[in-house]
Every structure is written in C-alpha cells, then in structure tokens.
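Each structure below appears as structure tokens.
Both complexes shown next keep chain A, but they swap its partner, so chain B is in the first and chain C is in the second.
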Partner chain A sequence: MIELLAITDDPVAPPPPLRLVPAGPVAVVVGPAPEGEVDAEALWDRESLLEDLVDERALLPIRYGTRVEDDAAAAAAVVPRGAELAAALERVRGAVEVSVRAITPEGEEAGDVGAVHARLSGLAREHARHDGPEPLRAAYLVDRAGVDVFVAAVRELQQEHRGLSILCTGPWPPYSFAEPR
Partner chain B sequence: MKDKVLAAPLNGDLDAFERKIPHLSNALSRRIDADPESVQQGLAQLVLTIVELLRQLMERQALRRIDGGGLTDEQVENLGRTFMELDRAMEELRDHFGLEPEDLNLDLGPLGRLL
Partner chain C sequence: MSKTSQAIAEREVALVDLVDRLLGGGVVIAGEITLAVADVDLVHVSLRALVSSVEKARPQEP
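And then the complex of A and B:
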C-alpha cells in the first residue's frame, strides 16, 4: 500500500522515501503509507514533506489519507485526468496559499470583513472564502514574489480595522486551489 | 519548523483563534442517516469537515510551536477526543456502505476532490 501525496510535473526525483510515479503529462509523488493512527504529529509530518516539495516545484496536494495498492494503481487513477491536472498545475505555478482569518475581539463592534477581503483579493491570483465560525476565513493564492506585499497589506488592514483581530498564516501548499475545474 | 504566522493580530491574542476550532461532533451532527438522498450530501459534508479539521490542526500546531509551549491538559484532551470522533465517524461510514478502509478513500474520490 502506498500513499499519494501530490501531483507535480517536475521530473526531478523527490528525496527518499518519496518517489515519483509518471502518469501521463504529470507525475504523482508517492511514499510508503504510514502505519499507526492518525494524530496531529502525523499530519504535521506530512505537511512538512509537502512544504519541502512545494519550495522547489509546482504541486497539487492530494487529499490526506489517499492510498492505493501500488504504482500501477496510482498511475491508473491519475492518467485519465492528466490534462486537467496539468492545467491545474499551471494555475498554481509560482504561487503559494496564504490563509487569513479575522475575528471580532470580545467587547468590540464587528469590523468590516468585506473590505478586508476585497483588498486582499485584489492582491491575489485567486481567492476562496470558506465557511466557518469566524466572520472571515479565506485562502488567497499569492505569487511567491508577492507574499511580502500581501502580508504588509494585512498589517495595514489590521491597523485600519481595530474592530477585527486578523491572523495571517502561510505560506501553505495550495490546498484550497488544488481542485481542477 | 518554519514560522507559519505571517501577521499576528494587534493584541497578539492567538488563543482567541484557537477557541474558534469547532468540535468534530458538532460538525458531524448532520452526518449520514438512513435516507439515501442525504448520503451524497453527508459524504461531501464529512470530507469537507475532515479537510477543514486537518487544516486547522496544522494551523494550531504551527501556533503552538511558535509559543514554544506545549499543549495544555485540556487541549490535549480535546485533541484526543476529536481524533476518537474522527475514527468513529469513519467507522460508521464504512459500516453504512460496507466498505473497507482502503475503499473509503476511493469512494470519497481520491484526486476527485483534492484536499
């Protein structure tokens, strides 16, 4: 049993024990399926692997826990969707995901998250707003070279909107932008 | 470990964000029931919930590592409970559809819905 980690089109082999399985126009980064129970440490280990990979190549993270029998099964799952995955890789190439959450501190009046989101969306290639308990939970696909400008904008927005507490994390692999269209 | 906080809130209160992490049991309250029409919706909801949970766990881990402190007893307990709920939910799903653990991945659409 092997675990599928990501789709890429970079031919350079990832560091062992990860391997590259060619699948049409793209390739799958696979590794041994971890044994034992899922825990936070396991998730974090996987995140670290993906982060090392995404530093050097365009990639689409695959949903956590996706396992198949062997290389042939991995290729068989991916090849039929090679073209759309290749297109999806173009969308994220050179960019990272930055996450922004905004909450209203206790005792404050609710701030204008719409304005925050609009400004940040303008600095991103793409954006995705997620449902959640916070007034704003969003992911932005930002050019690597534009991350500093994006973060500076977040800091400015935090100064302008005292009724909001804004937390910005990243850079993340493009989790929210990995789904082909 | 890389610092994942790019910009912290003015008051520096990262704990306020941690409290916003929902319990899986709440998120799964509308999970699969016997009505076939709700099955697809239930599956989709569960997948989304798990994805969101994973994401938030990673964020929380990142925040914790920056604080340099460990988790409090209560947080450890919450985390343990969350994973137990996750296990149980997955087991129910498998029972409901008569699937093996490996099938479940495929059934939920590996690569069909990337994380």
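And then the complex of A and C:
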C-alpha cells in the first residue's frame, strides 16, 4: 500500500521516500503507508513533510489516511479529477492557510466574533468557517506576502476584543481550500 | 504560566487545528481510508476536552 499525500503540478521530485506519480495535468505526491498507531507525533511528522513541500510548490493536501494499492491505482483515482484539481492549484498558488479560533473565557460575556471574522476575511483571498465548540473556528487563505499583516490584525483584534481569547495558528498548507468548489 | 508550559499549551492549541485539518480538510480521493470511524471519534472527544482545558489554563493576556 502507498499513502497519497498531496496534489501538485510541480515536476520537481520531492525528497525520498516521497515520490511523484504523474496523473494527467497534475501529479500525486505519494509515500510509504506508515504502520502502527496514530498518535500526535505521527500527525506532526506527516504535517512537517507537507510543510517542507509547500514552501517550494503549490500543493493541495489529500485527506489524511488515503491509501491505495500502487502507483497505477493512485493515477487512476486522480486522473478523472485532473482538470478541477489543476484549477484548484491555481486558486491556492502563492497562498497559505491561517487558522483562527476565538474562545470566550469562562465567566466572560461572548465577544463579537462576527466583527473579527469580517475584518480577517477582508485580508484573505478566501475564507471558510467551520463548526466547532468555539464561537469562531475559521480558516483564511492568505497570500504568503500578506501573512505578517494578517497576524498584526489578529493582535489588534485581540486588543479590541478583551472578552475573547483569539488563537491563531499557521501558516498551514491549504487544507481547508483543497476541495474545488 | 512558565515558558515551558506556555510552549506545551501552544502546541496543544495547534494540535487541535492540525487534527481538524487532517481529518476534515484536504482533497477527498477514492481510496482506502485507514482511520476507523471509532478512532476518529476518540480523537475528537479528547481534543474537545483539550480545548476547554487550554481555555482554563490561558492567562489574562495578551
């Protein structure tokens, strides 16, 4: 079995043990399927592989745990979606994902997460709100060159909204913007 | 909070975001998804517990 990690259109081979399998207009980054229990370390290991790749090429992460029998099966699974995945790569090229969650500390009144989301959306190419236990759980697709400005805006918002704890992480590969829409 | 426990809390905060992305994001491609649903639920449950503990542990800053 091999694991499918990401879609890219960069022809440069990734560092071993990762390999590139051509699939129509795009290519699949594949690697050996890890064995054993999934723990936090395994998840971070996988993340760091992708972070090294995304520094140098446009890529779409593939859903964690996707495995197929061999290279032929990998190509067969991706080729039918080649055109839409190529278009999705254009959407994320040069951008990274930043995660923002806003938590209302116990005993505090809920802050205005709508204003936070509106301000940050204005600094992003695209945005996506997710369901979660917090009042705001969102992902923003931000130009690499704009990440510093985005983070500065998060700091300002934290000062303006004392009733919220704003948790900002990233930059991440564009997990939340990988599926064409 | 000490520097060390601050760093651990930050990594735990980021772990929530990582798991969210690995399990809920990315391109969905036909293939064998190896994570059993039961395992995923367990991960979610423990992370939600983690979110509330981080919240409580967080100092009154920045």
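In this text, the second predicted complex is superposed on the first by the 181 of 181 C-alpha atoms of A that agree within 3 Å, B and C clash if a C-alpha of one lies under 4 Å from a C-alpha of the other, contacts with A are read in each partner's own complex, and residues count from 1 in each chain.
Just so we're on the same page, a contact is a pair of C-beta atoms (placed from the backbone, for glycine too) under 8 Å apart; a residue touches a chain by one contact, two chains touch by 3 or more.
Source: prediction; values computed, not measured.
K.L.:
Identify the partner contact of A:H130: answer first if only chain B is touched, second if only chain C is, both if each is, neither if none is.
P.N.:
both
K.L.:
So, does A:V151 touch the first partner chain B, the second partner chain C, both, or neither?
P.N.:
A:V151: touches chain B, not chain C.
K.L.:
State whether A:V142 touches chain B only (first), chain C only (second), both chains, or neither.
P.N.:
neither
K.L.:
Pick one for A:E51: touches chain B only (first), chain C only (second), both, or neither.
P.N.:
In the superposition, A:E51 contacts chain B only.
K.L.:
Looking at the overlay, what does A:S165 touch: chain B (first), chain C (second), both, or neither?
P.N.:
Both partners, chain B and chain C.
K.L.:
Touch check for A:A27: first (chain B), second (chain C), both, or neither?
P.N.:
Neither partner.
K.L.:
One more residue to check, A:R63. First (chain B), second (chain C), both or neither?
P.N.:
It touches chain B and chain C both.
K.L.:
Need the overlap of the two footprints on chain A, from chain B and from chain C, as residue ranges.
P.N.:
1, 4, 7, 38, 40, 43-44, 47, 60-68, 77-78, 81, 85, 99, 101, 103, 105, 130, 132-134, 155, 158-159, 165, 167, 169-170, 172, 175, 178-179
K.L.:
Would you tell me which residues of chain C are touching chain A in their complex?
P.N.:
13-35, 39, 48, 51-52, 54-56, 58, 62
K.L.:
Enumerate the contact residues on chain B facing chain A in the complex.
P.N.:
Residue list for chain B touching chain A: 1-2, 4-11, 13-14, 16-17, 20, 22, 47, 50-52, 54-55, 57-59, 61-62, 79, 83, 86-87, 102, 105-106, 108-111, 113-115.
K.L.:
Residues of chain A touching chain C in their complex?
P.N.:
1, 4, 7, 33, 38, 40, 43-44, 46-47, 60-68, 73, 77-78, 81, 85, 88, 97, 99, 101, 103, 105-106, 130, 132-134, 137, 139, 155, 158-159, 165, 167, 169-170, 172, 175-176, 178-179
K.L.:
Can you list the residues on chain A that touch chain B in the complex?
P.N.:
Going through chain A, the ones touching chain B are 1, 4, 7, 37-40, 43-44, 47-48, 51, 60-68, 77-78, 81, 85, 98-99, 101, 103, 105, 130, 132-134, 147, 151, 154-155, 158-159, 162, 165-172, 175, 178-180.
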